[in-house]
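Both complexes below contain chain A, partnered by chain B and then by chain C.
Showing the complex of A and B:
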């Protein structure tokens, strides 16, 4: 499974996940509280550029982040331009882009396993709600290991579809994929039960 | 994974409490596997190689997976599997359509829609599993429309409006663009659930009362 993590040795990489999450959320919150004006858009862009201008992250990564968010940014910009005018449109779209890019720094500079451990630790209070943190953690790691299996199943079904001359219709993809996934779930459940998961 | 002191303590406390607490909310191994598989299924539906439902416009099939998760797993497990998926997304896995992931999606305009997946799967499960009898087509369709579209938008539009600072009414208006696609997915999900009820009833891991008319001779297979 490919994660968003980019190994490196920037200040962001060196921060521990907990404080890093708090710091980034604080910056994002600060950005979100700025007024909707041209100069605010400039300030936000500046903050974002400074945060990305560290070794092992860089402007290239920022570009990649904005590219993955292009559809959302496009829709936001279009809606704002139609209803609110250029200044609001620019400021709000920049704010959304900057917030997303800043928050992405967390996943870019922290390995997913460390983040999962942090999430597990943060879930401990859920024990009060009768949610078992161990069970939750197990569910997450089983999901993680199931991802490549289902990706392979999806590819197989799609290839079979293509071999029969079918297009990329979701309708003809859904049933076989679903039944294969459900069969896999049954087998997985048996395997877990055999390993002592009640 | 390394357990730290806090975790070990909570685990011990939890074990103590487990012995007294009713096990109503506990998952068995198969439930856990099904939750994991549906979380992964929704992720797989967002993989590159998007489906084109109507002429070339690439749409994400992920909400289709959300609808199926609610209808097949039922309210509690359906909501749980969406929560598991979003937890992994928050941990930085690029599992959403277009390879998006990380905390950033939860501060972006689509955050509300993602939270809406959890509520939507819950509501769909509630409606589909509301009776002891097999859901009729109209009940499944209602579940998809209410849970899969209405509930998801009820969470999504206010948050989008808050994040982009576009007033609520205008945001709702721009979201109308996605309604046709969602209707197609709801119809498709209804069809799929109907087919699954006939062809692979054990998918639902429950028994339904015979619905009187057509099911008199076909006993539903019990869970494994």
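Showing the complex of A and C:
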């Protein structure tokens, strides 16, 4: 599920999107540069807890975000445990968890429209490469908001399959799903054009 | 402000003539477009909103050429589609409505006030922070309408906006569309009761306009042509 903005009055909410994005990026970078040790894992955990220990965000939200990322974290932990041992596995998994949680913190405390404007500004230098920053930022935003729609379409196709006595055939799933996804893309294109996006 | 003026308009999609030689000149506030599935109603609506370009003929919407004055047309014409899911672009209700004002040059606080007023008007204020995709069908269509109206359009083109809704929600959407005297409305609909509430009706059959006038008369023509 895509992380949604939660209105509030925390220091993170009050910080402007640009500086907030830069600050969180710096923290994630700092966390990535720490050595792969038990104490580093502790420091990373501490940093993450401090970032979330503000009103209107809180530990429950941190738990929710980590639960959402449980599969990524599980696979990371398992792979590292097998090949690198417990200390590396713990440190690297905590590193990934902190990165996920801090990225979510940005989305949680910044309205998507402001985030979009900030990404646009940040991408402005790419204009000399003939990349339209407005279009690139919008593409990112539309991609994220389309994920729940695609999940709904996939569920609808599976239910229709079951209702008609079909099994779990990938071929029978892929074709109608692709058609519905393309139809949705077509309609979304019209909706964007109708709302002033060229 | 002139209304709609189409002179000898045809629309060809691939090898198919979806609209053929349509001539229509209307200057009323609310217009219903009725007709069978596949008759060309939606293409006519898309033509008026600049989403489809005429292959032949001339089109003027509010006095604007949809091709040469596309940006101005998009600013003044809002579109509501039948599938509310396809109209949601941003993750939360407030953000989705605010997205409609993205291209407008206005101070941030003014945009926020307009969004709040629109949410209030459409009864969505309590859902402001909810995920757009988790709303019910009726709420999603209200959100789509809210996103269209927040731009204060001169013309709203609604393509079967009540098609996916139950009777109560369909009534709510219709009341919102028809109540506001500040905009003109072109309504594509299969709901003949809704068509009766418009000032004028247009019957589209097999890609051409076959009747235009008072809704009762046009609906009677349409019903007379239904074969059981």
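Annotations for the structure displayed:
Following the convention adopted for this analysis, the second predicted complex is superposed on the first by the 140 of 198 C-alpha atoms of A that agree within 3 Å, B and C clash if a C-alpha of one lies under 4 Å from a C-alpha of the other, contacts with A are read in each partner's own complex, and residues count from 1 in each chain.
The rule is simple: contacts are C-beta pairs under 8 Å (C-beta built on N, C-alpha and C of every residue); 3 or more make two chains touch, one makes a residue touch a chain.
Just so it is clear, the model here is predicted, and its values are computed rather than measured.
When the two complexes are overlaid on their common chain A, residue A:90 makes contact with neither chain B nor chain C.
In the superposed model, A:139 makes contact with chain B only, not with chain C.
More residues of chain A lie in touch with B than with the remaining chain of the pair chain B and chain C.
In the overlay built on the shared chain, the residue A:57 is in contact with neither chain B nor chain C.
Once the two complexes are overlaid on the shared chain, A:188 sits against chain B and chain C alike. When the shared chain is aligned, chain B comes close enough to touch A:21, but chain C does not. When the shared chain is aligned, chain B and chain C each come close enough to touch A:149. In the superposition on chain A, A:104 makes contact with chain B only, not with chain C. Of the two partner chains placed by superposition, A:44 touches none, neither chain B nor chain C. In the superposition on chain A, A:7 contacts chain C only, with no contact to chain B.
Overlap of the chain B and chain C interfaces on chain A: residues 2, 4-5, 112-113, 116, 142, 144, 149, 184, 188, 190-193, 197-198. Per the touch definition, chain B reaches chain A in the complex via residues 1-2, 4, 6-7, 10-11, 13-14, 17-18, 21, 25-41, 43-45, 47, 49, 51-53, 61, 64, 68, 72, 80, 84-85, 87-88, 90-95, 98-110, 163-167, 170-171, 174, 177, 185, 188, 191-192, 195-196, 199-200, 203, 224. Against chain B, the residues of chain A that register as touching in their complex are 1-5, 21, 24-25, 28, 32, 36, 65, 68-69, 71-72, 75-76, 78-80, 82-84, 88, 92-93, 96, 99-104, 106-108, 110, 112-113, 115-117, 119-121, 124, 127, 130-140, 142-144, 146-147, 149-151, 153-154, 158, 168-171, 173-175, 177-179, 181-182, 184-186, 188-193, 197-198.
Every residue of chain A that touches chain C in the complex is listed here, in rising order: 2, 4-7, 111-113, 116, 141-142, 144-145, 148-149, 152, 184, 187-188, 190-198. Those residues of chain C whose C-beta lies close enough to touch chain A in the complex are 46, 49-51, 70-71, 74-75, 78-79, 81, 83, 85-92, 94-95, 98-100, 102-103, 129, 131-133, 147-148, 151.
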